[in-house]
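Read through the structures below before going on.
Across the two complexes that follow, chain A remains constant while its partner is chain B and subsequently chain C.
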Partner chain A sequence: MNASAAAASVVSCWSCKGPVAGRALFCSVCGAVQGPGAVDHFTRLGLAPGFDIDLGQLERQYFGFQRRLHPDRFAGKSPREKALSQQQATALNEAYETLKDPLKRAAYLLAHRGRPVDLTACGTINDPELLMEQMEKREAIAEAESLDDITRLSAEADAEVLACQCHISAAFNAGDLDAAGHLTLRLKYLAKLAEDARSRKARIARAR
Partner chain B sequence: MLLQLHEPGETPGPHEAEGGLAVGIDLGTTNSVVAIARGGEVEVLRDGEGRGLVPSVVFYGEDGQVVVGDSARSQILEAPDHVVSSVKRLMGRGLEDVKALAGTLPYQVEPAAEGGMVRLKVAGRVLTPVEISADILRAVKARAEEALGKGVDKAVVTVPAYFDDAARTATKDAARLAGLDVLRLVNEPTAAALAYGLDNAAEGLYAVYDLGGGTFDVSLLRMEKGVFQVKATGGDAALGGDDIDHAIAEHFLAERAGVLGEQPITAGEAKQALMVGRIAKECLTRQPQGEWMIEVDGKPSRHRLDRAALDALAEPFIARTIAICRGVVEDAGIDVADIHGVVLVGGSTRMPLVRARVAEFFGRPPLADINPDEVVAVGAALQAEALTAGSDTLLLDVTPLSLGIETMGGIVEKVIPRNQPIPVAMAQEFTTYQDGQTAMAIHVVQGEREMVDQCRSLARFVLRGIPPMAAGAARIRVTFTVDADGLLTVAAQETTTGVEQQVAVKPSYGLSEEEMAQMLRDSLEHAREDMERRLLTESVVEARRATLAVKSALAADGDLLSEGERQAIDAAIEGVEQAIAASDRDGVDAAVEGLEAATKGFAEKRMDRGIRQALAGVSVERLGDALGDGPQGD
Partner chain C sequence: MSYSDKVIDHYENPRNVGSFGKDDKSVGTGLVGAPACGDVMKLQIKVSPEGIIEDAKFKTFGCGSAIASSSLVTEWVKGKTLDEAAQIKNTDIAQELALPPVKIHCSVLAEDAIKAAVADYKKKTEPGDAAAE
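Our next item is the complex of A and B:
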């Protein structure tokens, strides 16, 4: 760590005014909760950044941090401590919600690595191949009438989602951010398709 | 000097030793219940005759007398104009909502009240649902104080998970009026899950089906080693056992008209029919059929009903609850087969038809070995203890309804979707649509529909002072924050200039701050002292935090001070402690300021040392309980 970074990593505790590490949750001297600070979602939850994460570990980390930082732990404290704990819990929720979903996780990681993908550009598919494939499958799902058909289509869609996640993982591991970006967009459509298939399946099952 | 050391974040709440006890209150549509937890043992607080339920019914006498509970309920027939029941259905509601419920409400609505919160005409008085609920809460508080022989001034109050922001705010306001400090609003199904889960060491995915007098909720929760994580929730804040009573009453009144001839139904007849309807429903839980009588003005009529006929009347309402269950299971993205158990909550779940339909949908018999009337209050009491005395359990709840703002064409742009874990903050950027536009109206709505008029209006405010720019050039960032009580705050900021406005959402159907202040003055005999006491408590909490922080700092870095500097700080601490002992708020505030000033140089020396150490390569981890490689201390 160089000198300026070392100095910058020390901030003043709002409560006892003494030095505290910029990333500390609590001041080691007076015990006061600190603000959430600007760290990435992986660091916030104590995980190594990467697409491959252990969901069980993610959850344990999330629960562990919430146990200490949730506003329920600060009900008798001063307004400032209550507000800081709310900010901490909010930041934890945002990190957890982003990382637990493969699509959001991939998009976040791409942005984090300086290659953001725009997932909000809804409806427009620039890739003609992806477009054709999606249209055909959507049609098949919409036209499925029997429970057997839709169950098969739904299972296929789920399998494609999983396969795409494997490809994204491989792309990130190979450092191929272009491919990861493409695949992340593809995952968005596949996930939507799988969701449509599930709800169509539920509707057909109900109608029987 | 001896210092008491505590785990970070686990310092005991400073006002534990002083003030009153903290209880859990289930403020129900039909009945309310109060309980207290001590050392994890929960006791439902009962009256002299062992009754745990306080009917949520209020009688207002001509002389200003207010009676709550069983004695009020017994007045429903004698003095229907003086009695209010099921007021929870009106919490946070406006006149338009009430019109939609027209006829199902057994009381007169004040016609003059356009906009704002609905008002009721009772015994010549005009009252808001907040005031009436406050009267119920006062009675519940009094019962608790009598049972405990001690003052009670803090409570966890439960609300239906599906309550919107307006209804939550109204509930919190009612508690304030009753002289209760609300530690937390907890969703009813979550409270029930807490009580059930801790009692049964339940693990896995559970559904809580909560059908009360006037509200329906269903929540899906993951329970695991003291963690209660709500996955999805849904419901209907205007669907409950009351609706079934009403259907029976209508059926009986139609029969009565057939016998006695068509006549306008009087208030007395309507209230008696409702009461008879409720009794019939409850009887048919235990027996297959029965006969009941309605008698008003010496004109009796007899009504037979069997369970099949009751089921036919109740079926549409139960079908709605099952449709909502289906939606919640789909929202959570799970399979019904993954659910380990279904917990029944609310008196209406005693109906055999409800149990049969729930068992059919979830594919397993529901767990009914708990008292459905008391389990919510038990959970609230456990949470009240957790918040005041500390605990290892963690409740992670979600937003029940999407929150958004109105955009062009009356379309809703969602800012926070439903089922997001709270607390949560999310922002969305909007822009101007006219050249030179300097103000922007922001309309906050709640609900799942696309169009504004199909959602619930929460609040409107205007962001002014936007610098004139070409249409589409301004960047208005609207941030929604929902706290752990489920209450919303909205802030809007023009990001190119920093013009900012923040509003705690005082709902379109809520009380203004002035109305609230006036009510507090009117309702509390000792309003001023009460307010003063609360402010003093806040100042003392802050002063204790400040002195503890300085004492900790002295223990860590006291060697940086000369004897004279040390004496000055000790004197300042002494000053704060004396001011706390004297219970003088201004004195406390001034002493804390004095302490700040006295420690300024000390803080600078400490920072210098910290930075020098960091430069010298001393690990910054020493300087705080840093993130490291995982959560510690649990």
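Our next item is the complex of A and C:
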């Protein structure tokens, strides 16, 4: 599916007018740098779309591409090629930043599959169970005084983040986008909780 | 982005922080969250038998604007009837605190919280529903 989608998006090279793949950095005919094509973040980085990605492969692809776009390589090129290489670098950067973060990756994948969850809009959520749980845990973190207590709470919060990521993976693999959406919202709260616990822990550790 | 003086004042000296017992029959509790920030806000009202809000408390885990919005609402609702309180608009909160556009959702959160608290109180005191809790 991935290969055919990528093959389907063939455009003309701006320089030699030859055919070039939508995700290609350079024209295979004339070698000119291409602007970022209209492809999804996974395709841009040469990965199969899905929640479970090989982070090592993501790093290798990203840094490999960025090396080929390094400004030093374009010092003697035309202004157009300089500009295109920068646009490519920006697009790759955005794709990388989105995919390496499990929360952003889940939200992006949901939107990609046509079931967006809104993690940025004004709306409020009505999920009493999640909110009650989060309120209690945030209170426990705020009230923790000893390093032992906050270390335990922080470890619990980190473990919950990982567990939630496993559930998100399972939901995507089962094609259950409703569950994936719900869990992604939960992950947003858990990430906040874990961050809160970490900063409280740092404060308590400093005060000792 | 800089916070207005009013936001800073409410953030540094939040009014009415705390909790009432949520099983108290004269207490209405609103619990809401905004996924944009991962915020949680609890707003509670204590209502007289005549239906006047006598006291209000809040507990918010969130940014300065969310804390200020809920703090301001607890001040505003005291002495109001339930219906008056439920009519508080996020735009009034945002205007009073001079919230920047990116923080408007914090005032939406506070509006939803007071509405939820009023609804919770009304549900508790509905005739014939005395057995609930």
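By definition in this document, the second predicted complex is superposed on the first by the 183 of 208 C-alpha atoms of A that agree within 3 Å, B and C clash if a C-alpha of one lies under 4 Å from a C-alpha of the other, contacts with A are read in each partner's own complex, and residues count from 1 in each chain.
We adopt the following convention: contacts are C-beta pairs under 8 Å (C-beta built on N, C-alpha and C of every residue); 3 or more make two chains touch, one makes a residue touch a chain.
Here the structure is a predicted model, which is why all the values come from computation and not from measurement.
Within the superposed three-chain model, A:154 lies out of touch with both chain B and chain C [touch as defined at top].
Once the two complexes are overlaid on the shared chain, A:128 sits against chain C while remaining clear of chain B. Using the contact criterion defined above for the overlaid structures, shared-chain residue A:94 touches chain B, although it does not reach chain C.
When the shared chain is aligned, no partner comes close enough to touch A:165: not chain B, not chain C.
By the touch criterion defined above, A:27 reaches chain B but does not reach chain C. Considering which of chain B and chain C touches more of chain A, the answer is B. Taken together, the chain B residues at the contact with chain A in this complex read 6-16, 183-184, 227, 229, 326, 330, 333, 383, 386-388, 390, 392, 394-396, 420-425, 481, 483-484, 538, 541-542, 545-546, 548-550, 552-553, 555-557, 599-600, 602-603, 606-607, 609-611, 613-615, 617, 620-631, 633-634.
Only residues 1, 3, 6-7, 9-10, 12-13, 15-34, 39, 43-44, 46, 61, 63-81, 86, 89-90, 93-94, 96-97, 198-199, 202, 206 of chain A touch chain B when the two sit together in their complex. Chain A meets chain C in the complex at residues 117-128, 130-132, 134-135, 138-139, 142, 185, 188-189, 191-193, 196.
By the touch rule above, chain C contacts chain A in their complex via residues 31-38, 40, 42, 59, 61, 104-105, 108-109, 112.
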